[in-house]
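The structure is given below, and queries will be raised subsequently.
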Amino acid sequence: MSRVDPTLLHELKEYGAVGIEKCFNCGNCTAICPLASDEYPFPRSVIRRAQIGDKERMKSQLDPWLCYYCGDCSATCPKGAEPGETMMASRRWLTGQYDWTGLARKFYTSLAWELGSIILVGLLVVWIIAMFHGPLVTERVELNTFAPLHIVHLADWVMAGALVFFIATNVLRMYWLTMRRDGQKIPFKFYVTEAWQLVLHALTQKRWATCAADEKDEKTRNAKRTARTIHLLLVSGYGLMLVLIIFFLSWFQTDNIYPLWHPQRWLGYYATVVLLLGAGWALWGRVKKEVEMHRFSHPSDWIFPILLLVVTLTGILQHAFRYWDMPLATYYTYVVHLAFTAPMLILEVPFGKWAHLYYRPLAVYFQAVKEKAKAEQQVPEGALAAAD
Amino acid sequence: MTTQQTPQSRGDMLKRLREQHAATVERTQVLLREQKRVQQEICKVIRDTPKSVPEIAAAVNMPANEVLWYVASFKKYGLLVEKGMCADYPLYQKAEEKK
Amino acid sequence: MPEKLKIGVYTCYCGGNISHTVKCEQVAKVMESQPDVVISRTNMSLCSDAGQSQIEQDIKELGVNRVVIGACAPSLHEQTFRGTVMRAGLNPFLYHHIGLREQDSWVHTCDCDGATCKAMHLMAAGIAKARHLQPLEPIRLEAEKQALVIGGGVAGLRAALDIARQGLRVVLIEKSPFIGGRMAQLEAVFPTGEKARDLLCDLVKKVAGHPNIKLYTQAEVTGVTGYVGNYGVRILQHSRGVSAEDAQALMTACKKEVPDEFNYGLSQRKVIYQPFEGCYPQLPAVDWENYQGEPISLNGGQPIVLEDAPQTFDVSVGAIVVATGFDPYEPRQGEYSYGELKEVVTLPQLIRHLALMKSGEALTWNGHPVRDVALIHCVGSREIEGVDEPHEDGQVNNYCSRVCCTASLHMAVELHEKFPALNIYELYQDIRTYGRGHEDYYRGALDGGVRFVRYSGEERPQVTPAPTGDTHPVLLRVKDSLTYNEELEIPVDLVVLAVGMVPRQIDDLVNMLKVSRGTDRFLLEVHPKLRPVETAVNGVILAGTAQGPMNIQESLSAASAAAAKVLTLLGRGKVELPPFVAAVDAEKCNGTGACVEACQYDGAIALQTFTENGKEIKRAVVTPANCVGCGACVAACPNRAIDVQGWTLSQYEAMVDAIGMNIVDLVEA
Amino acid sequence: MNNLKVDALVIGGGIAGMQAALDLGDQGFQVALVEREPSIGGKMITLSKVFPTLDCCSCITTPKMSAVAHHPNITLFTYCEVQSIQESGAGYGVAVLQKPRYVDVNKCTGCRQCEYECPITVPSTFDRGLGAYRAIRVPFSTAVPQKAVLDIDNCLLCGKCEKICPVEAVDFNQQPETFSIEATAILLATGFELTQLGAKKEYGGGKLPNVIDPLMMERFLAPTGPYGRVLRPGDGMEPTTIAYVQCAGSRDQTQGIEYCSRVCCMYAIKQAMLISGALPMAEITIYYMDIRTFGKGYEQFYQNAKAMGVEFVRGKVASIREDEKHNPIVKVELTEEGRIIERTHDMVILSLGMIPTASPSTFGLLPSSDGFISLPAINASPSATQRPGIFVTGAAGGPMDIVDSIVTAGAAASEASAYIRNKTGIGVAQREVAYA
């Protein structure tokens, strides 16, 4: 028995849901979806919970994360209810629900909050550097003098620590809401045996391939494949960058110019190219609105790729200035670069759009764990029946 | 309106019309040959034993839906008759020639 | 010298309906050998043009002078073939129709041989009868070029106007003191959003101003005699009670108030009243039922007691259009807590409630603001036997009322537009927005954020008072199939029941007109496709919701179609009745009077005194127009002096003999 | 051809047009009926049986066709197309094109010898392409008029038909002719077409051989159908599991048709019942969103079908593919359970929607947003159009079933007769009425 709550629909609209009220529950979206299943009959499961305002179920369901927004549902919806966009908005809403600080909710529902916080963190970075930077060597580029590596690295680790903290606590909440609420007993062993799924899906987004494989229309299929490939490249780009910066900062914040064969050069260039490609593609797509997933854009859909693009561009510039031996330009670009990088990482990763980086694979992992547990529960019953 | 014509003038008129509708006539002549060929083939297959549409299709190497269309047409114009069922498929056999 | 009998026999395949069971070719073959048969044929579809032409040809070329057809039910195509026979120059009653489909092939689908044998018997009996057929002439009577329309709602008005503007006279009677019917109680109408009363006013103006229409309000039918073309209808009309001079004063002075049925009891009205502004006739009327002789003081003067002086008069009409309309279903006490919880209302009530509100006023009910409202569909409709409680007559309303879905979505859209903050729920089984522009209301409601909850007729929603301390006064419980059959609780301030349509209480009229009702209790047409607005009683035509649920557009169409039928019937001032009526053989009748006693129909048969050879003798005389040909007199006559034409005893005997024949003899005959 | 002056011109010889013509003719008006096909009868004559009474369709239609043909006040023009409507005098001047039949209708007796002689077989449009007829033929067995028509586009011009014709009716010299009809009032009964079978690509209509339209199914169920029994068109198998996909051409924004086509629920249920009769072992599933059985006796009809074992599944079918045996596989969410199923059927019928046959602009009328003729006074005078004296009946004025079409035919006839009387000043009494 659940009590109908008319407010949830309005709440979701604040998170950018469009057309959700138009849905007359025909089930077309769920049946056309290549990823939906009996256990996860989305998008309609999500739409329906939203329509009747079943907040508890909304919070505890994994469904929104299992969708990669291929857009089949929206393209074929007889009522123009944009189920795909409802899934997108539900992911934002869920991010807000998992986040205990309340910041995610603020960021998604208020552009002022989001932009304000980004600017604030950016200015803070500028202020800190302005206050505590080392001497400005103008004869040649000496970045490590301007911003001593060990301090930056320390700040890096502190930031990483904070990120880990926020992510871990939010993930714990996600785990609590999705895995513990429905009373299903899940043996711990499955969390271990299925852990590989987490890694696999985080790295490959394997399920996304199903969306394209099911598509009959060649043009749409190619578009879907391209979307996944570019997204994969993008992920590899910032994943790589993150690893490089956190563990190999000394390669990057350096006054040396490495030879081309050095990983700093080719790994850096690779990451830069795919980041440019990915962020640019996302933004260009949102301008053109040709494919389903880009027809509607919430502010958060713009801000994250813009930040990514700016960070990449400032990174390139900084690299170029050092190459051309322009000390001041290098230092200033460095400050600007950090002023964008810091808010992007601090705000977008735990509280913003970037959070889907870990929520989605986690959901796939949780789904796998649940299925294993369910299968195990069912087997003895079947076995008993057979024994009878 | 029709006027009484001699056989001679009729022949001339048809000839003239065939020239006028040359493209249609050419196309329908091809169609006629094809239809005759299919008719002969199908009739050969079902002359002695009744067969179902998929069986005929396999024998004449044509898509089953096209064979069915021919079968329906032959049935309508008395070229074949239904002769019982085999599982879910009705069987068809060539009708006996009317004298 | 009697002409030589030449019988043509036709066995119809009925497009397979008969031939799938009956071996028609065998039947035809056997019939060929029956005496006097000159031709026996089969046909895939005898009623088709080709089939009919064949019969015509045989009559003309082979000299066939008796036609026997074995086909569908005579009710379907006897008339068709009479026309065929007549076109070929033969008397149309020299033809006999055998219902091979209904009486044989449809009831013996599993027994082909038996059915074929039965068909042979039936056909042989038909041939036997045909040998005794005599030419008959239909009874031709002058028809009154005037029609009666019963009911002054939108259908009645439209039918009256359509008949009148083509030159026939119309008597339009309305039971209540004002015309307009249910449509007057509506506000905006779908799918256009026009004002109902504006549309109605236009129509009323045309009707009221038409020279061919006589309008009687507060009038009802108290007796019907006669037959198509010549109905005598007795009408009782109550008096208005007030005159143009004293009406306003009396209305002001009148103190007694009763619940106003125009607003479904949401307001009070005086017993001298006008239901709404712009009503027609404008003159107020006295509600005699509730007035009950209470004295009224005019300007402090002597109290006056108004008196009803009902008048009775007769009208002669050729046809009667029944446009008695519908009543909104009145839920039972306790049905969805109706009558128990103040927060449960019907949709018509809500329409009136909104109409009574001032513009810009917030929506309240019973003094409390309404924040959440639920509309429940199919109340009093689509009821299921064994699940829903039967009504007084033991039946359930198992039909769909057709208009409630669109009406309630229309309401939802209107509520959303007027009160955007309102949360609206629609509890439905199937959304049936079938008509042009209707689906737009469904879309409009969805776009407006109306929540839809789908229940099953097997488990209707529960309306209960909310536990104390709840945020809302009413709690709905419903198993929602859109949410995977989970049970939902919906707290609301107001529950609106989208009630269906039920026929008006017109038992007296139905009995007087001898029309029949369908299983849904609405009046029954002859055939939904062949004669969709006619009843089985010749000259009694249906218009609008008396026949079944309809919306305004459909009522108008049905009314116009009814008018077309009346015009076809009465347009030429003559009607023809079938000649199958009793006929007395003067030679055999000796005036026992048994027939008169047996007759159930007024003025159909009577004893008259004749002077013959100086002796006064009594004999029965039939008035064909009043006789229905039931045959009661035939059975009563001890002298076999009466026969029903076309169904004489000798014909029956011949048929029975043929039926009783051994099949072998039949085949070898 | 001489110009004709009539009281009313009915355009379209389907059930609505025929009924309107009969209603007017019975009242004594002179009526012309123009039909573009070689026979009147419209869509209804192609049907098997009709809901909710399950009368055989030809039992209702053929007598009406015959009545129209024999009515002394009705002049019938078949194989004719209305080209334009101009206001003229007290009414309208209508230009009509008589298409050449290449057969002299005055001579032809409908003996069909030409049809048997003709060497070319072509798909029969009467059987929606699944049956066959010859290039010269009587369109169907109950056609009115029962006259042959030659399809010149598929003709060999071999002259065999001309030679065999016992009455020398075949006339290759016929040319299209235009004539005009002057009418005081016009009744539009141009009817409907089904939406395209392939319009929704997810359903594979037109590509998958065993996914068909409902009028095809009507032909299979009709006793005069192409196979004489119910077989699936892919390979002639008697189907045992049959599915109906409701709203396959209606209530779907992606197809540009948001309205309800009103008849599909009932015809699907009716066909299901008829199939159950013809193939007692058949399992029939109807996939639907809302069952709209709103008419008189319709709800009971639906309940009877349920009781007979027809399965009703709530869910809009998302896609149809086929297996290697051309069995269509339907994918749908069982919305009441939240399960997604893929179910294999032998045959799938797409319950396509209704769209208008003729563009309203042909008659100088504006279409409504749904494409049908707009009805400016829907709640006052439902058959009136924007032009005075032009009335609409049947499905030309929106999707409609036969029962409603017949009622609107009566209504349009009533409106038209009042209009004609008003225009010509002829009252009922003065009118010299000829009766059948």
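For clarity, chains are labelled A, B, C and D in written order, and residue numbers in each chain start from 1.
Note that contacts are C-beta pairs under 8 Å (C-beta built on N, C-alpha and C of every residue); 3 or more make two chains touch, one makes a residue touch a chain.
These numbers come from a predicted model, not from an experiment.
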Core chain by centroid distance, with centroids computed from Cα atoms only: D
Reference chain B; chain at largest CA-centroid distance: A
Chain A and chain C: spacing of chain centres that average the CA atoms, whole Å: 67
Euclidean distance of C-alpha centroids - chain A vs chain D, Å: 56
Length of the line joining the C-alpha centres of chain B and chain D, rounded to whole Å: 28
Centre-of-Cα separation between chain C and chain B, whole angstrom: 53
Chain A residues counted as touching two or more neighbouring chains: 24-25, 79
Contacts with two or more other chains, residues of chain C listed in rising order: 431, 443, 482
Junction residues of chain D - those touching two or more other chains: 251, 314, 335, 338
Interchain contacts, given as pairs of chains that touch: A-C, A-D, B-D, C-D
Interface residues, chain D side, partner chain C - complex: 23, 26-28, 50, 52-53, 55-56, 58-60, 62-63, 65-67, 69-70, 110, 141-142, 144-146, 222-224, 251, 258-260, 262, 290-300, 303, 314, 335-338, 368, 370, 372, 375, 378-383, 397-399, 402-404, 406-415, 417-418, 421-422, 427-429, 431, 433, 435-436
Touching residues (chain side chain A, partner chain C) in the complex: 1-4, 6, 9, 21-25, 48-49, 51-52, 54, 79
Chain D - residues contacting chain B, complex: 104, 107, 116, 119-121, 123, 130-133, 135, 152-159, 162, 168-169, 171-173, 209, 226-229, 231, 233-240, 326
Contact set on chain C toward chain D in their complex: 13-17, 20, 44-45, 47-53, 72, 76-77, 80, 83, 87, 145, 162, 165-168, 189, 191-192, 194, 199, 202-203, 382, 384, 398-400, 402, 430-440, 443, 481-482, 484-485, 518-520, 522, 527-530, 532-533, 547-549, 552-554, 556-565, 567-568, 571-573
Contact set on chain D toward chain A in their complex: 201-202, 247, 251-254, 289, 314-319, 331-335, 338-340
